[in-house]
Each structure stands twice: as C-alpha cells, then as structure tokens.
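Just so it is clear, A, B, C and D label the chains in written order, and each chain counts residues from 1 on its own.
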C-alpha cells in the first residue's frame, strides 16, 4: 500500500481522477454485463431477451438502474442495520479497487504497483467479509446459511487461486502485472496459458468459484436458499451487490486475460495496433466473460460437500504438483540456457 | 432387496386370496367380482385381515382408503392391489359419528397419510397412528371436518354481494 | 476418471448450438397467434336468438350467468313467450368449460376468440347483453338442496326463482353500461 | 459437516413409520443445537405451494415435515354438489400437469357405474390424448429437476416442446390446459381433420430435438451425475412400502404399470414396454422419464396408425343418473396411479368422490428420505417425486 500512499502524495489529482475513472468504468461495466448476461441467456434459451427499451433493448440497463433507484430500500425489522447496510459496500469496493492495478495498455495503468498480484490477492479476500456481513446482518436463516457457505467457499478457493498464480509469478519473475504482460511476449504461443495449462484451468475454475457463479453459486443457491446472503436486500443495496458481482466477474476475466492470455499483447506481432492495443485486452476479457456466461447457462450447481472435495482434493493437488513441475523445468532449462 | 411379485393365473390367484382370507378370519361377507376380491369385515379385525393379505398372501400395495359418510355410520374401503391384475377390496362399517378404527400403518406404512387425510376430512380417528395430525386443514382453530355430510357448504356464489 | 469434463463440454456444445439457432419467442402484443377454430375464448350471446330457456344459467357450475326473464310477445305472434330482458355473463367467474354452449338449444351462446379479459375492477368483467342490466353480484341460482337418494335432481322445481332475484334495482348501472 | 457414520446413525434414529425423530434433541459432537428452517410455501424452487419444516444440523437435514393445504379446494366436496358431467372440468384442476389423465380416471369411474359401451374411436382418441399429455408432463418434469439443480436452460427447452403439445390440445379441445374434453361416454368432439398430420410433424420435430436437448445436454454432465447419483437411494421394498407408483417406483426396478397390469381403454391392443431401472435414485428416475417419453411416442404412433373410424360418443341420455353402487376408475398418470372411487346414491350428483392422487401418496417419500441428506438434496428428491400442487392438495 505504500506505493498508493506515495502516489497520493505526489499526484493527488491524478489519483483522484483515476479512482473516479475506475468507479465510472466499473459501474458501467456492471451495467453492460447485466445486459450481456440477459442477452446471452436469452439467446441460449431460444428467447430474444430485453428488446423493448431503446434500440434492440440497449437502454435496458439504464431503465433497470432508474427502477432500482426509485425503489424503497427495505431492511428487515430486527436486522443489524449498520452491518446490513455496510455489507454491499464491503462487497463492492474490493471489486472496484483491483481495477486500479490492471494494465489496459502499455501505458494505461492507473497504479503500476510492483506488488500488483499481492495487492489483488489481498483486496479480493475482503470480499468474503462482505458476504458474511450481509448474511449476519439480515438475520434470516437463509441468509446465514448462504453467508456461511459463501465464506467457506471463497476462503477455500482462494488457496488454489493463489497457488496457480505462483506459477505465473515464477515464470515472469515479477509481481507486477505490467511485467507479467511484457514477459509473455507478442506471440500467442508464448503466452502463459500454454506452458501453464493446468494452472490456467485451475485459475479459471477457482475464479468462477470466487465470483460465485454457476456451477459454484452455492451462496446464492437460488433453488435451495433463495438468493442466500442477498435475500433481504432490495433497491439500491441490492443493485450494489449485483454490481459487485458483475464487477468482480469482469475483474476476474481481466486478470485471467492479463496473466494467462497476454494482456494487451496482440496474438501475432503483425497485428500490433500500437496505441489501440487495449482492443486486444478488451477482446480477451470479453471472451472470458462470455465463457463465464456460457457455463452459467449450461450446467447445474454443485453441492457444498462436493464443492469442498473438488477444491481441496482436486484443484489444490493439481496446482501443487504442477508448481513442482514448473520449478523443476525452470531449473533444468536455466542450466541449458 | 428385491420384492417378489405374484405370478400365475389371475383366477387362481383370486381364489387363493379369497381362501386365504376366509380361512383365517371370520368375514362377514366375501366374494369375487371380476378381478376384485370383495371382503366385508368387522372394523376391529381390519389390521389382522390386512396383515394376512400383506404377510402371507403377498399383496403389497395399498392403493387408497376411502371413507364414506353414511350419516350415522362410516364406511371404510381399503383397496389393495397385488401389482398383477388382482385387487382386494376390504370394507368395514363403523357405527357412530365419532368413529375410531385401528390403524394399519404398521402393516402398510403408506397408510400414514391416507389415514391422516381421513381423519382430517371425516374425523375418523385411527387408534395407534404414530402421527395423527390434520393434513390439509388448520391445526388449531378449525373444528370442522369438511367432508362430513353434516357440514353444509354454500353452493351460492362465493362473495355474493360482497364486491 | 477418463472422461472428466466430456459431459459438460457436450452440454455446452448443445447450448452453443442454440445460441445461434432460431428463436421461438412470439412478440405477443404485436403478433397474435391465429387461434384454432375450437378455441374457447370469452362467451358471447346472440340476444336475437335467445329464447330465455335458462338452461345455460342452470348448467353453469360457476354461477356466472344471470338472466332476467319476462313474458313478452317479441316476435309478434300474439303469444307471450319468455324473453330475456337482461343477460349478464360474469367473466371473473367463468372457467370456460363450455357446458353452457353445449346445452343451448338454439346455439345463441358461443365462445369468441377474445381472451384478453382484464379490468381494474371485477365488476367490469361482468358483461351485459340484454336491454336492461342485471346485477351480477346476486346469485340467481338457489343453493343445492340436500337430496334424498334417487330423487329428482336439484334445479328442477326451482324454476322462476332465477328471474326474480335480480329484479332489485341494479346498484351499479354505470358500470354495467 | 457430519461424517458418514454419523449420517447413518441419524437415519437409524428416525422412526420408520413417520420419519419423525424419536429423539428430536439431536446435537452434534460439539454440543451445538440444530436450527429450524421454514421452506415454503412461497419458495421459488418448491413445487407449488408446499411448506417444509426442516430441522438442520449444519447443512444436514435431521427432520423434514411437509405441511400441505395451501391449495386445498376440497375438490371432493365440490364434486358432491355437482352433477356428474359438471365434475369433469373440476378434475382438470386436480393435477394440472396431467389433466387428461384426471378426466380419464374420473370418466372411467362413472362409466364403471353406468355400464356404457365406448366407441373404439373414442377410446383411441383418449389414449392418444393421454399419451400426448404424458409427454407434456414428463418433458417439463425433467426440466424442473434440472431447474432445481441450478441449470435454468433445460426448462425452457422443455417448455418449448410442451407449448407445441398444448397447441395441438388447443386445436383439438379448445383450451391449452383445462381441456374438458374426455366426456362420459366418449370424447367431446372428433379430431379436426388436420390434426393427425400436425401430431406426426410434431413427433418428427421432437425426435429430432430430443436427443440433443434432453439427453446430450444433461445425461453425461458430471455435475448432474454427482448431484443425483445415490441421492434418495431406496430399495424396492422401501418403495413398495411407501406406496410409491409411477416413475419413482419403476426407477427401483418394480415393473408395475397400470396400463399393462390393470389394463383399461385400448392399452391391451398397443405394444409398449414398461421402463424400469435398477438405480432407485434420482438419476434413475430421470432415465426412466426419458425412456417413457420415447415409449409414449411409440404409443402415439400406433394410435395414429390404428385409429378406427366411427362415432366418438356413445348413445346415452342427456341426463346422467347412474344406479346406486360404486365405481372405480384407475389410470396411469405421469406421476403414478391416479384412482377415482365414486359412490353413487342414484341421484344425479355423486354421493362421494374420492381421488387417489399419486402426488399425494408419493410425497410421503419426503418425510422418509430427506432426513440424513443435505439441504440442497431436497430439491432433487422433489424432482424424483415430481409432485404437483393441485394433485396433493386436491
């Protein structure tokens, strides 16, 4: 965090502007993602999706936001009000903060931390706190169950997530996102998803679990515990939780694209767009987001014990073993080189 | 644990059921009608008859229990099926408006809810039932048994004149 | 576990196929599906043909038809015949079972293709057909009498009562019209 | 989370007859108390209006008590106050996913009282309609199972097929759900001339879609298998004891099908198999339903091919007044055995009508099977039973 404070000292204006930009971007991203989610689900389910507000329904998110703003914010009678109201913020802020360290293009990174990956891990783990706060504050059996599930799941899946990041860190030799992207080069076969393929899969799976989406959406568990920790929320607090979910989904896609798919790097050298290289970053992120949604609408959900089994007995061993293989391979090839 | 389903000719099976029930119990009335063995028994011996049917004759399925309010007495019909075309219909008549019948849940566990329903709708109590609560109606504050003929319902329009 | 993930991938293939497939939504208010011939929509009455036999009123299980009857020489034959001066069908009760249509001897009551029965007030769903509005809140049919076994059906011998009940002045004329 | 032994222990604690705990004060090894949870009647995943009072030990259910009656209309009392033909539209409202079977069962019971000869064409039309109804019930119930497991898409594919069947029903009967089509003595009206063609084309379309949308999408899915295999595993004895019928019974391997064992209508003239499976769990019931859909398609084809010409309504008087006595009607509805018992006193309203609805009887399974399972397993067990609110609440 020292770097952030330093930033604040040196260029407070720039920091404020970046933060406002990030908030603006994240909120918009959430809106766009709700729209995309609804369209993708509709097309998979042989429907058209929202198509009444604006051209082809494109203004639907605006209408949603307007509706949610005008709704009353109901809180349960015996809830712990401050915890209840603080929980959505505790969920939303981490999802928004990490965007500060994501490099969109070579120079377009708001805070080029040299410990970006550590920052990312540290901040996302706050998200579990928000879930527990929401579940505890609402004072409902369903919320409580959802919150406990959420906490258990997010903490468990953080382990394979971090372990799979270690592979990237080892290969790149740096904790900075920018360095990782530069280290991956501008040809798609040198990107890390190929040499670290098992880790890529593990990271992808645990990031789905981290953002609580099907097949790991147990904290919500619509058909069992009816929305879980967010069952009692309405109006803008609910919208904030929803925005947090979509923001963290976008965030996870962006991190996957950055760490494993070469960030802003073009797939082949001659496709280099110069200043417009952020297009590549956007495309990769969008692709990952689409696969998130595609999976979401194709598969059922796991059970809690199976989820834990899968996390601890499958993902963690795979990562550990592959970490060892990577370390060994690096040692050997260093000798050769 | 597989269940054995009865085999053989339908007529011989019906005969066997009738004989089996006749030999062990004093039936008030019995006979074969199509593929149905009709049996009329005393209400106290219903569990014994049903136990014979299930344990020694191998009739495994209790289809339903119908209660008919005959205004002064209740007629109970236990419909048994052997899964292969034969049916056994055990009837019993209980006098009185507050009838008590021994339960058959220990023989046919599926009778649990049938008996609860009969209790709810007619007030026929089943002695020895493990969980005799109302099925449909309110547990407290409702003292009627809706299917009794003595409970008149309005066949007029609901909410007449109320709108 | 040789084929882990295969089933999921297969399923995702199916959803991907549908993502680009033909959509089946019908844009309802703009596009209305042609209804088949037998479709049972809201009831309507051809009052010119109605002979006020009250059969539809008696057969209706939901008590949704009320008819106000009067002796009148409508066809100029010099003989006073039953004539339906008021006829109301309460769509908030109707269950579209079509029993009245089948029982009508002159086929004057029939289903239309209309099915959008929505209103702000339940009374608006009571549609008047006769020259005089009938109060739809009053049930013209008597309650079913407790019958003795093998006696004539309820409904017989209660003729006439049907016409009398609604003769009280209708309370809500403005809505009936 | 409880260990396997402890789960086994707890299922031993439950009394076999009612599923209620002998000793409700179950505490786990840390002395923590159980929590009560109230699921329903307003629950998005609950099948209709059912309330489950659950006692949870962590995520494990130790007691499950279904409370019914939120949709109870006392159909049996209503039927006592109506003339025989006017009861038929009310039977449509019983199990609203198997309306044709309810009508058929009731009509069979009245015909049992009346002793009328049904024209063969009417019988074939009844069977044709009933089998279409079975398709229209089984396909969504597969979708419901998946919906409860968290996959939202299959239900929409299922409803696409169901809507097509409903369009056929609408052309034949005039209504999409509450048909009032099968009448005492036959059916209301003959099939419209273009309907056989429509049914043929529908079946062709269904056969084309069925494999990909309901088998490929679901069957091999590892998550689906892990969620359903071994859940609500029951032995044949248990299933028979509980009085189960229909797919929940057949998925344990008991080949009981009323269409074959207690034949009615023209089923003896048609060729079809009874589908059984050995699993006895939720996955097996899914496979049974899938295979029964294919059997239904077979029956529909045979019906269309064998359909005789002639009248569709028997000659009977206008007023139906059966003699004193009792009538029984029993059909294989998609959920199991639907039976109607009518007691007549010789007047033109029934003296007593009793419906034996499969949803009601099969639901006892919840009380028995749910304790010992995890909370999320309740939903697949509901999918195994597939009860319908209008059915169990009559």
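What we mean here is this: contacts are C-beta pairs under 8 Å (C-beta built on N, C-alpha and C of every residue); 3 or more make two chains touch, one makes a residue touch a chain.
A quick note: this is a predicted structure, and the numbers were derived from the prediction, not measured.
When the partners of chain B are compared with those of chain C, the chains appearing in both lists are D. The fewest steps needed to get from chain C to chain D, moving only between touching chains, is 1.
For the pair chain A and chain D, the distance between mean C-alpha positions equals 43 Å. Here the CA centre of chain B is 22 Å from the CA centre of chain D.
A straight line joining the Cα centres of chain A and chain C is 56 Å long. Centroids of chain A and chain B (each the mean of its C-alpha atoms) stand 61 Å apart.
Taken residue by residue, chain C touches two or more other chains at 8, 11, 14-15, 18, 24, 144, whereas all remaining positions touch fewer. Listed for chain D are residues 81, 153, 157, 160, 217, 221, 223-224, 351, each touching two or more other chains. Residue positions of chain B with contacts to 2 or more other chains are 155. Across the complex, chain C meets chain D through its residues 3-8, 10-11, 13-15, 17-18, 24, 35-40, 59, 61, 95-99, 111, 144, 147-151, 153-154.
Within the complex, the chain D residues that touch chain C are 81-83, 85-86, 88-90, 153, 157, 160, 167, 170-175, 178, 180, 189, 192, 212-213, 216-225, 319, 321, 324, 345-349, 351.
Chain B meets chain D in the complex at residues 1-3, 5, 35, 60-64, 66, 68-69, 77, 79, 81, 83-85, 87, 105-106, 108-114, 117, 121, 130-131, 134-138, 146-147, 153, 155. Chain A contributes residues 40, 43-48, 294-295, 297-299 to its touches with chain C in the complex. Looking at the complex, you find that chain A touches chain D at residues 41, 44-47, 141-142, 145, 214-215, 217-218, 221-226, 297-306.
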